[in-house]
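In the two complexes below, subunit A is the common chain; its partner is subunit B in one and subunit C in the other.
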Partner chain A sequence: MIIPPRKRLGPLLLIAPAAILLCVFLVLPYLNIVVMSFRMPGQGTPYGPGFTLGNYGKFFSDFFYVQQVINTLWIGFLTTFLCLILGYPVAWQLARGASTFRALGYALVLSPLLVGIVIRSYGWTILLGNNGIINRTLTGWGLIDGPLPLMYNALGIIIALVHVFLPFMILPIMSAIQGIDPSLEAAARSLGASKVTSFRRITLPLSLPGIQAGCILVFVLSLSAYVTPSLIGGLRVKTMAVTVVDALIDTFQWPFGSALALMLSVTGAIFVVIFGRLTVMKWKA
Partner chain B sequence: MSKPFFTVYCLIIYAFLLAPIAVVVIASFNAGAFLTFPPQGLSFRWYLVFFNNEVFMRAIRTSLWIAALTTVISGIIGTMAAMFYVTHAGKLKETVRVAMLAPLLLPEVLTAISLLFFVYSVGLGTQNLVGMIVGHVLITLPFVFINVSASMESYDPAWSLAAQSLGAGRFTRFRRIMLPLIKPGVIGGCLFAFIISFDVFTISFMLKGVGMSTLPIQLFDYLRTNFTPEAAAVSTCSIVLTMAVVVISEKVLGLRIHRF
Partner chain C sequence: MTEVSIEKLTKDYGQGPAVNSISVKIAEGEFISLLGPSGCGKTTTLKMIAGFEDATQGAIRFDGRDVVHVPVEKRDIGMVFQNYALFPHMTVEKNLAFGLEMRKTPKDEIRTRIAKVLDMVQLTGYSERYPRQLSGGQQQRVALARALVIEPKILLLDEPLANLDAKLREEMRVFIRDLQRRVGITTVYVTHDQAEAMTMSDRVVVMFGGRIAQIGTPSDIYERPANLEVAEFVGQVNIIRGKVGNRVVSTAFGDVPVSGEFADGAELMLALRPEAVELLPISSGATGAPAKVLSSYYSGSLVDYRLELAGGAVVNVQTFPRTRFADGEQVLVHAPADRFWPLGTVA
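Presenting the complex of A and B:
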């Protein structure tokens, strides 16, 4: 078949708008943010003329910011871990449970994603506040004397983040388990493996890619979460993302804010790569 | 784990997932001036306050406009990219996929910040909607792409060739062969795009101009200083609106699939 030259160009026109959009409004801005982090801080303007390493120097010399990155990473780890522990059984049930439950369960897992993150975080402030439902109920039952500190601390942030990102853990694990041939588990059972052994030796290792995807997704999302930490943490506990946005919006420190954002992203990326390596190794072993 | 224990465990997780949303909805019918539980009687008082609050009403209109524009742009660009990805990408397939999913994999905060700097350095600024729309299109593009390309998995290029051999032009082939087949994917993708755009916060927060707050931004600002149930009424309306979009698209547009 002779292909006219027009036809060879045609398909490229299909991808052109997306390619241009991504190059101009994603790649260039990301390069720009790297450049921005080396700019001089400005007086009255977002940034001044010339370049400097001072923004990174300020980050490393002030223990406050290093500490905040560590705190943010720690919150990210705990959120990811809790999402995994809480989400895995649900993912398993959605993949292997009775079909009557499955459709409803799937809808229940998906539905929080349809509700905006501001609203969901707001819901947690109603639940966790000092005058919130949980504290009032416990006080009403006489179980506690004063309100438990559930909000304006790391605990509240983690509870809300686990809720917000749990579907992102459940869905990849669910599809990984759905991809496992049930006859493998049946074979293990028929060879005398207990339920626990069959799970530990067959289901769990084969669902590792889903676990990996879910963990990376939740970890990255919780590091960069802004709404939930700022509504639940208030002014008392700030994660790095909140500090970065404040530095940019409130005080217009664009170069320093960029340096902070990049330091958080780089540390986050290092942990994701380490985690990826570890799980791949385990996957092979 | 025994079976009943396992079921109970899952039910608790489902309850955990729904609790904060249910609480917001219940709180919106509170008759009292503060968020107390149990509510001090039921009333629509806060809905009336909300409907008469021009700030929130304007925010809803802004949100709907932006979401609609975003959906159209993202739907077209994303569908085209998905068509390229499935039928023409060849060796570049994995590259195209990763590039199209990039906005989803990159932290939203970082994307928002970088876009903010960018619109300023090219002189666009935030006084028009361009930056905001671009940000929303970027964030929603992966969802259109995923849905459309998934619906094209079963697409056989031979069908298009058959139509071509029968004399159908390029546009006719697209309209009569491909579009009806990928329509569920396009609708699903656009649905996601609309909802995500309606709910997205960080991108809008960084790229908003003066007086262009979307509903999530307005709500966030309100929540920083106010604790009345009006915020709950606003939230409930937002939830209902989103659910309505889902149901309407499924019922109305779902029926039209057969009419093609």
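Presenting the complex of A and C:
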């Protein structure tokens, strides 16, 4: 069938505003970063004349940076995993629990997003610091002798990231569970499955699309998080995002910073694709 | 085969009973329908038999054993849901295998039983399909097969035909009924569609407001309804009123004899089904009450007339379209005395 030109134009016009916005403010800057990553380092200027592969060479030759990518990925994995473990029961409760508490629960889930990211991260430093509330209380009760190392390490960063990103895990899973017909669980029960088995064989696999979306969101957000790791990790633990900003702003190495940023994006993307492949759902199509 | 006995079963959600002390005995291999308007308690009753709802009071016995405190998965029931509830992430084969896996049936036996049940529901060759790749009628048959393959004690069906189109619905009625007879399984069928209940059931339980209004064979329910509500719910009915005198009710159709239980002078309601009335042309000179045709509706095999009797009462009559009467035409109506059924006195 031949579609008249006007009909073809309609959908294009509808997506045009978003497409233009993305193109000008995302795709073009991104391309600029790609180009920048191949430029020569400058002397007193952000970059010098000519092009080189040296920025990438520097990344791969210095294990420090590779190690940082691995650390960042680990923080991403653990944050995602903890969000999933903590978030799934909440999502299930919000989707299937009594309606009385649903509005309240919903508000509580969203509450971390209502506080500015800087304030929230400072809040965690108050709680987690060596002189923070947790350590002082535990010392005061005589449960510990010295402060526990809760801050300036990966643990602190993960705690704070899990707090911020939990809603991004809960909301997609909740909506996936809400989309599952409760009579499917009833059918499983009628066929002889216990509540646990019917959850494992029916509800859990059917909520996989939500789990997938939530995990990808949280993982990507964790990799690119900047404010929380820089405030809670301090100078000791640096994630890639922090190092990239250091390179761009503190040491003024735009080409190298761009190469670092791209390496982070590429490794992140590779893991997202692998994850997508592993959780492919044949029954959906 | 299992005999099901429901004794004084009550369900109260806190706002008065949804099911109010109902008792039914369902014989081995019997097909019984719970019929009633929405909110009459039929679905709640089914859910209590299945175990999805706890009974507030009363007993449900499978072969004499009270199962009220047995959880759903231990009751050994087969259930077909209104929306089929097929597992969308499993193929037909996996859907059918689910209940057998729960029973730890050996693998090769699972395979042979699935092949057998697919043959029974005429879906051989569909085992690798996902539910979304099947039509509504096919999904319905898979749901039926999934409930039957586990060879449950009883089969429970919750408005299973409500989502099908009219033609398929009639086909499936016959299909389910034949299958049930062949398997010989005790079956409880919930529906609000009286035609479904009548054509499929050995006996029908008519429910209103959480109570049983009548239990009986389809012909009991239709020809000898227990009260006005049942008469009006099951099919069309004309309510003819008349005074009792000397064991006879005098109506516009003439005198109708009644049994002695109604006192002289009482005003009685009689049920008269539209197809029990004969229409004759005035010229025939037969005995009958004169009436005027108000309107007629032709539906192919039958014609429905609305008639006005001499006294002003309106009656509905259903006849074969062999002789047609025009709107406004004067006719004679006649109904044999044995086609009137007393519903009780006017309150």
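Everything below uses one rule, namely that the second predicted complex is superposed on the first by the 261 of 285 C-alpha atoms of A that agree within 3 Å, B and C clash if a C-alpha of one lies under 4 Å from a C-alpha of the other, contacts with A are read in each partner's own complex, and residues count from 1 in each chain.
Following the convention adopted for this analysis, a contact is a pair of C-beta atoms (placed from the backbone, for glycine too) under 8 Å apart; a residue touches a chain by one contact, two chains touch by 3 or more.
Please read these numbers as outputs of a predicted model, since none were measured by experiment.
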- Note on the structure: Comparing subunit B and subunit C in the superposed model, the one touching more of subunit A is B
- Would you check which partner chain A:A103 touches, where first means subunit B only, second means subunit C only, and both and neither mean what they say? neither
- Task: Scan A:A186 for contacts with subunit B and subunit C and give back first, second, both or neither.
- Result: second
- Message: Quick check on the superposed pair: does A:I70 touch subunit B, subunit C, both, or neither? Answer first, second, both or neither.
- Response: neither
- Task: Name the contact category of A:I270: first (subunit B only), second (subunit C only), both, or neither.
- Result: neither
- Message: Once chain A of both complexes is superposed, is A:L278 in touch with subunit B (first), subunit C (second), both, or neither?
- Response: neither
- Have a look at where A:I202 lands relative to subunit B and subunit C in the superposition and call it first, second, both or neither. second
- Would you check which partner chain A:L53 touches, where first means subunit B only, second means subunit C only, and both and neither mean what they say? neither
- Any idea which subunit A residues touch subunit C in the complex? 181, 183-184, 186-194, 197, 201-202, 205-206, 281, 283
- Note which residues of subunit C are touching subunit A in the complex, please. 50-52, 71-74, 76-79, 81-83, 85-90, 98-99, 102-103, 130, 132, 146-147, 150, 156
- Message: Which stretch or stretches of subunit A touch subunit B in the complex?
- Response: 10-12, 14-15, 17-19, 21-22, 25-26, 28-30, 32-33, 36, 46, 86-87, 89-90, 93, 97, 101, 105, 108-109, 111-112, 114-127, 131-133, 136-137, 160, 163, 166-167, 220-221, 223-227, 231, 241, 244-245, 248-249, 254, 257-258, 261, 265, 268
- Item | subunit B residues touching subunit A - in the complex, by the definition given at the top | 1, 6-7, 9-10, 13-14, 16-24, 27, 35-37, 76-78, 80-81, 83-85, 87-89, 96, 99-100, 102-103, 105-111, 113-118, 120-121, 134-135, 137-138, 141, 145, 170, 195, 198-199, 201-202, 205-206, 215-216, 219-220, 223-224, 231-232, 235, 238-239, 242-243, 246
